[in-house]
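The block underneath contains the structure these notes are about, expressed in structure tokens.
Chain naming follows the written order as A, B and C, and within any one chain the residues start at number 1.
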């Protein structure tokens, strides 16, 4: 074990009670172990299965099939379509959330009567269960018995039955749910911008655009990136809303395909392989984000 | 000049406030729709044009808590007269309440609600406490390969729940944790832990080390200084983290759908299973949803002052 | 702070532990798993009588139809004992029996002569697997089949009748075949007036859409395949079946807007909300339409059996379920006792009275049953013409494959033609059967 640097190497704390090394280990190792046991171990478990023809629904002996599952999946245009749908969905819904969430935060970042209450109320959508949200938005979207089309004067617009529109309908619902999350993080960033910077800018007669791009944005950027990381990860994982709202092939996200493979058709081995492909993609995307994040923080 | 700027600023402010109000109304109207549906008569729940004004009633809540069945023939007037008021309401809706012997049969909603409370509270407490001490450990002590460990912790949150659900399901069936509270608590803790570590790490970094050093000089042990000095300083971060962990655990659907049945089923997969028979009874779903959002909304509202300062992830320089 | 945390933590764990294992202490408790619909509620009412008689608590646990299969098999494959009995769909028999999930009830059948008391069609469809093997895995519980509800007031409006006759050359009435069904749907389809022709199933998450298509295929005289030899080519993708799918697609053209993910609730709502002239549904969902409190049009709603195809054959898709004992249950004996009670004649009579569709021959044929509701007569007629989906163990895959190909064609016209789409399904089915070594 490498030597650890404490806050104050000459501190007398080490002489009393637990040593810093013990505390560090007691504080960190259980969490790491917990995550290894409940996240990494299952993954290794399923990595093994991804090379087999295992089906959890039958008691037949498991055969090793090598890379056949991966080959089959990657050469299946339908799977690629699932990825394409997911990518489109992630882009639309995360973009919408970032724009609306950050916009709301900019509007809210001033003296407003009952600001605390308004902020909490705006956060209500993200406090709801996605399953229930999906259920209700199906009612809202319906032209024959829902209020949305009537309120917006859209007539018979068939949100969820139109193959092209359905994905956007799902994304709108997701934006409604999660824009408040981006808003909250942006607000936290905005409210931490020191007031004297603005005052200095005002003295310099800086235009509001200039102030925004040179003072506000750079200071809020790290938190915006964090919001972006979390929302991208979550959007990639979306299952419940999409699953309940629509079953169009054009809204079949990767996680829905996975669910079908794993728990409807019981192609356990194949579903494990697909899970791995998804995992590698998300890891790659997040890695890129985190690099940018560290850069943004350093600036 | 200054006067002009400030009056322009004021006008800008008014426009912004108006815009906030408009957006808030747009955002909240679906919620109003859910809330008002809970108090609507069933026949008004799906009208076009939508019904906005109506005589509110609580029939949906009576139905939510009782086990009912569709009438196949009109109810006997004598039976109807003898029934208590709440049962009459159910009769009026074309249903009858089931009985075991003389006793009214209750629905499973209270039980599912209880399950949700148990699972969400316990997993939140564990995830937040483990996250807090781990964040402290990372923040104060050098750890070989620290950045890699932190990325590893974050990466555990990237997996779509379904990806984890498959091996977890297979493992749980071996150890018999399917359909148990403990199984679900472990899952949600694992789910929230990474988020909790990340959020708390940013917070811990912001607490000046000098506070602890002073305490150490005063004769505190490191543990004492952690409990007496650092934790009170970290309350804001802990509060914000708790809110997010609680929201996630409270609303999780995919795992609960696959892993729980009779014993440990939580409310999110249960509410859609109450869609009603033959025709969707939106009023009952709305009632169940409304009650279900109350704990999490109250919790968030109570901690609202900590939220803004608690979500900085250490990304804001002071 | 942390001390308090630990305290609440350990308390919480204690609560969780206590609430996790209470059922182990009380042996006198049985759980039946079924989907969420009226019959499950009627069954709960029925089993409450058993509780009153014996003190054994029986709970009917439900889940929405689209998740029913997934949830059941997730529990089966985990070898879980959450459910003692399952009221499983008829097409699960293959998977349930060969997978070892169901307890063999052959002896139970012989002992209680169930083959004689229950209607033969229901025994064959809900209990026996493989077909004609004499092995039984379930007790027929709920008979069901696809049928139609229609708006009598629209049909009997003299103005409409005259206009219809002028346009189509024959009298407006309950459709005798699919061509008439289509004509009537077209006739009443008036989007400008917010009135539409017909409501059909389109949900592709389980077997909903297939039930509608299957009814059409069977009435057209088609088959899904040779159930004995697993031959699919030329049967599933025959010209007849292609015609039937085309018909279903053309019916979709006369549905209300946003009709792309609809099942029984939407079908019923089409009647209650004055949207459609006719609506496809399983009979077991009709109580909601006969109920004045939930259907303002209850008095003017009529019912008819699935019409015949162009060749004169008349069939309907079979629904309905048998009740099976789960082999992982620790209370199989108690479950067996419950079944003994359930098959008694007086229980079956009570079951029908409460609203259940008994499969008991004597009760089914009784005058009292056939006139009990406005739709029971049509149900009774239909039960003679039912046909079922393929109960092979891998039917779930067959189902996904048919949904994958046929759904986009019916909804958005993707896939070229019905023939091309069915060819693709046949290809997938052949591959699936080959994978599991079925047939030659």
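Just so we're on the same page, contacts are C-beta pairs under 8 Å (C-beta built on N, C-alpha and C of every residue); 3 or more make two chains touch, one makes a residue touch a chain.
The structure presented is a predicted model; accordingly, all values stated were derived computationally and were not measured.
Among the remaining chains, C is positioned farthest from subunit A, on the basis of C-alpha centroids.
When C-beta pairs in contact are tallied for every pair of chains, the largest tally goes to A-B.
Per-chain Cα centroids separate subunit A from subunit B by 17 Å. Centre-to-centre separation of subunit A and subunit C, using mean CA positions: 38 Å. Contact with two or more other chains is made by residues 56, 144-145, 263 of subunit A.
In subunit B, the residues that reach two or more other chains under the touch definition are 46, 169, 258, 269, 272, 275. Contacts with at least two other chains are made by residues 70, 74, 77, 269, 273 of subunit C.
Taken together, the subunit A residues at the contact with subunit B in this complex read 1-2, 4-8, 11-13, 16-18, 20, 23-24, 26-28, 30-32, 34-35, 38-43, 45-46, 49, 56, 104, 107-108, 110-113, 116, 118-132, 135-137, 139-140, 144-147, 150-151, 176, 179-180, 184-185, 187-189, 191-192, 219, 222-223, 225-226, 230, 233, 236-237, 239-240, 244, 254-255, 258-259, 262-263, 268, 271-272, 275, 278-279, 282-283, 286-287, 290, 293, 296-297.
If you check the complex, the residues on subunit B that touch subunit A are 13, 16-17, 19-20, 23-24, 27-31, 33-34, 46-50, 130-131, 133-134, 136-138, 140-144, 149, 151-171, 186-187, 189-190, 193-195, 197, 209, 212-213, 216, 219-226, 247, 250-251, 253-254, 258, 267-269, 271-272, 275, 282, 285-286, 289, 292-293, 296-297, 300-301, 304-305, 307-313, 315-318. Here subunit C touches subunit A in the complex through residues 69-70, 73-74, 76-77, 95, 99-100, 191, 194, 203-205, 256-261, 269, 273, 275, 393, 396-397, 400, 404, 407-408, 411-412, 414, going by the rule given at the top.
Those residues of subunit C that touch subunit B in the shared complex are 1-2, 5-6, 8-9, 12-13, 15-17, 19-20, 23, 31, 33, 36-38, 40-42, 44-45, 48, 51-52, 57, 59, 61-64, 67, 70-71, 74-75, 77-80, 82-83, 264-265, 268-269, 272-273, 285-296, 354-355, 372-373.
Of all residues in subunit A, only 56-59, 78, 141-145, 156-163, 166, 246-249, 260, 263-266 touch subunit C in the complex they form.
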